[in-house]
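First up is the structure itself, then whatever we jot down about it.
Naming follows writing order (A, B and C), and every chain is counted from residue 1.
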Amino acid sequence: MIDFLNSTSVAPEFVGADKAGDTIGLCIPNVDPLLLEKMHVKKKYSVIGIVSDRTGGGPQLFSMDEGIKSTNTECIDVEWTNDTKGGGGQGCMIVIGGYDPSDVREAIKVTFKNLHRYFGDVYGNDAGYVELQYTARAAGCLVEALGAEEGKAFGILNACPAAVGIVMADTALKTAGVKIISVATPSHNGSPSNEGTLTISGESGAVRQAIIAGRERGLELLGQMGDKPVNDYPSYIQ
Amino acid sequence: MIDFLNSTSVAPEFVGADKAGDTIGLCIPNVDPLLLEKMHVKKKYSVIGIVSDRTGGGPQLFSMDEGIKSTNTECIDVEWTNDTKGGGGQGCMIVIGGYDPSDVREAIKVTFKNLHRYFGDVYGNDAGYVELQYTARAAGCLVEALGAEEGKAFGILNACPAAVGIVMADTALKTAGVKIISVATPSHNGSPSNEGTLTISGESGAVRQAIIAGRERGLELLGQMGDKPVNDYPSYIQ
Amino acid sequence: MIDFLNSTSVAPEFVGADKAGDTIGLCIPNVDPLLLEKMHVKKKYSVIGIVSDRTGGGPQLFSMDEGIKSTNTECIDVEWTNDTKGGGGQGCMIVIGGYDPSDVREAIKVTFKNLHRYFGDVYGNDAGYVELQYTARAAGCLVEALGAEEGKAFGILNACPAAVGIVMADTALKTAGVKIISVATPSHNGSPSNEGTLTISGESGAVRQAIIAGRERGLELLGQMGDKPVNDYPSYIQ
């Protein structure tokens, strides 16, 4: 080990980190203009925040959506990655922009405050996982990342391996009258992850009902492949 | 844990599952039309079957090919995924369609009956793996997924890391007069997997001879990277 | 286990292998013309060498760059793969061509001689990793793979999760006057890896200074996500 490895200082950009999804939140108050030029952001703010993770996209996006709602910030890029430390899903990177570093830092802090909540309906076993997400009112982050309708109820049914997610989607759509925003499968997805995903919008009660029905079906199926799927945090979709 | 996690019922769509490749087989007897509309299937059957896995594509495709041969069903979509639970290869999702749920379920049952056989020539160690597949007569699933010629002998030589597969391909082509169907490398593949893959067609004896020669070469090379590669089930290509 | 698994011979194509990155080096002295036809090489040499790995791209590319410098060989293809045995990064496959098998084998031997050196500034913990690479004079392999400028100083700052790499890039660019060759993020990269990457060129002192500053920042941030990041081999960038 060499000396610089013994540095105990903390980089000024650091805002927070959480073992849940190996998530880190950073803020660059005055991003280098040459770097900003090369980044794929839809609007060039000089103050940017980044939430980046190894595992998960839904929990971070729904958490950041709360951060966007509660601050004067905007989601300017969301990128997906085949990662999850060997899992079948994706990691993601969310970039937000603002005019005031304190706004951007606050949005990231709100993200970490909500992170465990939105990991509450992620259930896994050795064979795969089932993820559900729900919000009564989608904001900028979910609009940018997932095509949610601003201010409308929005939900996700997602599972690995992919076929489990397709049956969950079928069950959800037969349960309640909701609008399909997207159906994603391995070859038709942000990255070739092993997921079947349905995103839905509509009346909040219907969206929640569809998600709850899909969740039960998905957990039954994943349970057939191994141990009973478990969640690391309490379920929030009731 | 909350109540719905204690559900012990089995979803009606469930047909079978196997730890080999973390493979699950499902049948949706009357798929939701809005979902079917969004799926990327080449023909819109209202009865669909899905075989989805975490690890492997060859074993599931060759097994489903037997299922297709023995029932009145059709392969309508095959999708690849970067997964294998951290391995260098791919998982896949196979969608079949039929007119009668009993046909679709039977095709999936035949798939699971054959699955261990077609895992018989998958050899691995900590550094990677070598996979061989062979059939004397390719049918709809291999035609759809891998461009095999209907009714002709068809084979696969595949390895991770990719370079091992390229040398296996070179050895196979120098051994017997076979027709190249495809050569796949990481950037020129269904997904950026770490595989070198040759698929071949031709006279059945020549195809088998080419595969056996490539297998010996691949196992020698992979063995140079770590322990002697082992297969979990008996080899079927003799 | 069946008999062919007990083969103890070594394939003639084998040149070397190393546990570092699970890297193997092979030489095909007279590649099958039908195979060569299907390969995506920029020039069709009949003598090809391949270095292929599970984990890492930078160390292998910088090592092979030394091999190219010291032999009459040419880099004719570089392909990236989502692999790293479950990590968030990429593996790669490097193909070189030559007129004389002894040249190609020598280039591969030089690659393995340098491999541990170029793994010296790869630092990891359970949450991710930080990688730095530097050369005072880039040659054919780095030009082909990463758009380096022939004969100029060239460096890489790379980290997983991606946000860490972006802050490292920002720090590096604010530290010294260097030229940006590329900025890569998950959706704008060779494969959807969970990496933020900056490649730079310029005056050698400036490039090294920028890399050292980015390294310190990256190690601080990654350290916030888990244990102190460690390198398996001694750092070479001083």
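Just so we're on the same page, contacts are C-beta pairs under 8 Å (C-beta built on N, C-alpha and C of every residue); 3 or more make two chains touch, one makes a residue touch a chain.
Worth saying up front: this structure is predicted, and the values here are computed from it rather than measured.
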{"item": "Rotation, 0 to 180 degrees and nearest 5, that superposes chain B on copy chain C via CA atoms", "value": "120"}
{"item": "Interface residue identity across copies chain A, chain C - same or different by half", "value": "different"}
{"item": "Chain A and chain C: spacing of chain centres that average the CA atoms, whole Å", "value": "31"}
{"item": "Two or more partner chains touched - positions in chain A", "value": "82, 85-86, 191-192"}
{"item": "Contact set on chain A toward chain C in their complex", "value": "1-2, 4-5, 7, 9-11, 13-14, 17, 19, 22, 24-26, 28, 31-32, 34-35, 38-40, 50-54, 79-83, 85-86, 91-93, 190-192"}
{"item": "Parts of chain A lying in touch with chain B, wherever the complex brings them together", "value": "82, 85-88, 123, 126-128, 160-164, 166-167, 169-170, 173-174, 180, 182-183, 185-188, 191-194, 196, 198, 212, 215-217, 219-221, 224-226, 228-231, 234-235"}
